[in-house]
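Shared between the two complexes below is chain A, which has chain B as its partner in the first and chain C in the second.
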Partner chain A sequence: MKRTIIIILTCLLTVTTVMAQQGLKINRLFDGHFKNSPNVTEIIVTGKKAGELGLSVYHSLATTDQDKGELIESLVVKDGAHAVEKDVEYRNGQLYYGFYTLRAPTKKRDGQYLFFLNQRLARKSPKNVVTLIYMEGKGDSEQIKKLIRK
Partner chain B sequence: MNTNHHISDKAELEKLIGRYFDGETTVQEEHQLRQCLADCRWNSELIDEARFAMGFFAIDAQERSRGRNRRSHHITGIAASIALLIGVGAFALWHQHVRDNMCVAYVDGSVVNDDDEVMALIRQDLNTMGEASQGMSEQLMSLGAALELDNE
Partner chain C sequence: MKKFSLIIIAMVAMVQAHATAPDTVKVIDSPSQIVITESSSGVKMTVTGSKEDKDYSYTYTVEHAANDTVHTTQSSDWELNLPFMKSSNNEFHWSIVCSGLYFGAGLSTSYDLVNNSFNWGILNFASLNYNTLHGQQFSIGVGYDNKRFSLKRPNCFVMDEATNIVDTESYPEGTVNRSSVLSVRAIQFPLQFQQFFGKNFHITLGGTMNWNVYAKCNTHYKVNKTHHDVSYRGIRQNKLTFDVYGALSYNRLGVYCRYSPCNLFKKGYGPEIKNTWMLGVAIAL
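Then we have the complex of A and B:
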C-alpha cells in the first residue's frame, strides 16, 4: 500500500518536474509571487474572456519597481534568444520594445508570444513602467500584432 | 455427549479420539476434544496422532486466515490506490477548469475580479504596447525613406 502510494507520488513529481523543465524562463515571474506585491499589476485571463481577444491565455505583468523591471528584461532576453521570430528595439544598451514569437501555432498547439516594453526608455513622455505580456493563441504573429493596433 | 462433560482419564480421551477418527463425534465433542488435547498432559501414539491432526488443521486454518488477511490488505491497498488516483485526477480536472476560466488582476496587491475592469486593464496594456510599436514602425519608415533619398 505504502509502496503503491510512493510510486504514484514519485510519478507525479517526475511529471511535474519534467513539465517545469520544458517551460520558459519567464514562468518564474508568473508563479504567483507578485500577486501581493506593491508596484506590480498582474493580469491573468484564460478561457472565455481570453477567447474574446482571440487568445487562449493572456498573462501580463507591469511594474514600477526597477529591480523587478530589470529581472523581467533579463528573463525576456533569455527566452527571446530562442524565439522563432522577433521584432526588437534596444535603446542605450537596454531592451526598449520586444515582440517575440516563441512558438508558432500549429494545428495541435497554440502559438506562444511575448511583448515587452520599458517605458523608461520612451522618448515621448517616459514613464517608470516595465510591461511584459505573455499570450497563447491560435493566431499567427500578424494576427497577434493586430491586437495592439486596434 | 454433554457439552459440560469433562474428560476424566486417558482411556476416555482415547475413546473420544477413536470416535473422532471414525467421524462419529459431534461438533461439541470435537470442541471438547480439541480443548482437552490442548490442556491435558496424557501421551500415547493415538493422542499424539490426534494432536498432530488437529494441530495441523489449526495451523492450516491459521494460514488460511492469514492468507485471507493478506488478500484483504491487498484489496484494501488496490482500493486505496484507485481512490488516490481518482482524487488526483479529479483535482487535476478541477484545477484545469479553474485555470481555463480565469479573469483576474492583482493591482498593487489588491484583487480585481470584475471582468470589465480586468478587460479595461488589458486594453490599456495593449494600447501602450501599440503606441510603442507604432513609434518603431514610424522610425523604420523614416529610416527607409532616408535610405531611398540617399540612393537617389
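Then we have the complex of A and C:
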C-alpha cells in the first residue's frame, strides 16, 4: 500500500514539474529526450531536498555533445525572448551565458528561472560542457544566481 | 534591471593636444534593455526603453581608427556551482589512503594464564577504498599489528631450545620485579566495511588476516640484586591468524573492539592463548 502511494505521489510530482514547464521550448529537452544519451547528465530535484535551497523545482542538463549543446542554446534563446528579465553575455557571436527570469516570484507563485552556460567559451579554463538549469523558487533573481555561482 | 540607472560617461581625450574636453553625461533611468556590441570596428551600445518612455531608444557608438590601441576589461567567467552535483564533483569512488592508528588493552579467556594484554598498530599503511558515494565504503589494505600478552604470576615462559616448545613454569624462588611477556608482530591485511551517518559519524566492521612474522617470549626477574633478562626466539607461532573487529568513530577519533579467536602458538608448541579481546582507541580509522 505504502509503495503504491509513493508511486502515485512520484507520478503526481513529475506531472506537476512538467506542467510548470509547459509552454516552454526547452520542455522538449526535459521530457526524456536525452534519456539514453551517454553524453548527458540530467538531474531532477524536487521536494525537501530542493526546499533546502529555497527551490521547489531544480532540473538540470549538462552535455558534452556539441550538437546537443547547440540545440539547447537555440531553444534557450527562444524561451529567453519572452523573459521578463534577462542577463546574457555573448562571446564570439555565441551565447556564453544567459540567466532568464521567465516569471518573477509573487506571494502565491514561485518564480521561474532559466540558466544557460556554454563553458567552451570560458576564458580561464574552457570545458567541453553546456549546462541548462531550470529552477522554480521563492527567491528573486539575485538569490537564485547565488545558488549557481561560486 | 528596472531600478537600474545607467550613467554613460563619454570622455574624449585629446591626448596629442594634451587638452581635455568636458565630460558628457547621459542618464537613463530604468532602461529595459542594454546591448553592447563589440567588434573590430568599434563598440556600439544600444539602450531601449526607459522609465518615462517605453519606446525610448539611444545608441552610442565609438569607432576605432586603424591605428588605435584599444584596452578593454573583459567580464569574468561564470564560475558554475551545481548545487546537487557537489558529491559527485568532489568525491571519487576509488581512493588509496593510510589510516587507522590504534592502541588498546584487553583480556583473554585464558584467564588462568594471561594477566593482561596490549595491542597497537596501524590498520592500513595503505588501503584501496571504494566509496559508493551513498554513505558506504569498502576497503582492503595492508597494515601492522603488535600484540603483547603478559603472564599471570607466578608463571613465566620457558622454552626448550631443542624442540622450540614453549611452556610455563613458576619463577625461581626469591625473585622480584617479575614479568614474562609474549610479543607477536604481524603484517595484517584488513578487509573492512564502513557505514557513514552524516558527515562525522561512522561505524566500521571488518576482519583481518594476520601474517605473524615475528614472535618472542621475554622473561625478566631480579634475584639477589641481579637482573635476569631471558629472551626466547624461534618460537613456533601460527603464521596465519584471523581477527574480527568493529569500531565507532566520530570525526577522526573512535573506539574499537577486536576479537582474536585463533591460538597464537602452533598446536603442541606452546600454551593455548586464544579468544582474546582488545578494546581501545583508534585515530583516523
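Here is the rule we use: the second predicted complex is superposed on the first by the 126 of 150 C-alpha atoms of A that agree within 3 Å, B and C clash if a C-alpha of one lies under 4 Å from a C-alpha of the other, contacts with A are read in each partner's own complex, and residues count from 1 in each chain.
Simple rule for what comes next: contacts are C-beta pairs under 8 Å (C-beta built on N, C-alpha and C of every residue); 3 or more make two chains touch, one makes a residue touch a chain.
All values reported here derive from a predicted model rather than from experimental measurement.
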Practice problem: Identify whether chain B and chain C fit side by side or clash on chain A in the overlaid structures. | Solution: clash
Exercise. Examine A:E85 and indicate which partner it touches, taking first as chain B and second as chain C; both and neither are also allowed.
Key: second
Quiz item: Touching A:I148, do we find chain B (first), chain C (second), both, or neither?
Solution: both
Quiz item: Which partner does A:K49 contact after superposing on A: first (chain B), second (chain C), both, neither?
Solution: both
Quiz item: Touch check for A:Q112: first (chain B), second (chain C), both, or neither?
Solution: neither
Quiz item: Given the touch rule stated above, what does A:Y58 touch, chain B (first), chain C (second), both, or neither?
Solution: both
Exercise. With both structures superposed, pick whichever of chain B and chain C touches the larger number of chain A residues.
Key: B
Exercise. Have a look at where A:Y97 lands relative to chain B and chain C in the superposition and call it first, second, both or neither.
Key: both
Quiz item: Which chain A residues lie in the overlap of the chain B contact set and the chain C contact set?
Solution: 41, 43, 45, 49, 53, 58, 60, 62, 89, 96-97, 117, 119, 122-124, 131, 133, 147-150
Quiz item: Residues of chain A touching chain C in their complex?
Solution: 41, 43, 45, 49, 53, 58, 60, 62, 85, 89, 96-97, 117, 119, 122-125, 131, 133, 147-150
Practice problem: Over in the complex, which chain A residues touch chain B? Could you list them? | Solution: 1, 4-5, 8, 12, 34-49, 52-53, 58, 60, 62, 87, 89, 96-97, 99, 115, 117, 119, 122-124, 131, 133, 145, 147-150
Quiz prompt | Contact set on chain C toward chain A in their complex | solution = 1, 74-75, 77-85
Self-check item: Touch list for chain B against partner chain A, complex
Solution: 73, 76-78, 80-81, 84-85, 88, 99-109, 115, 118-119, 121-122, 125-130, 132-136
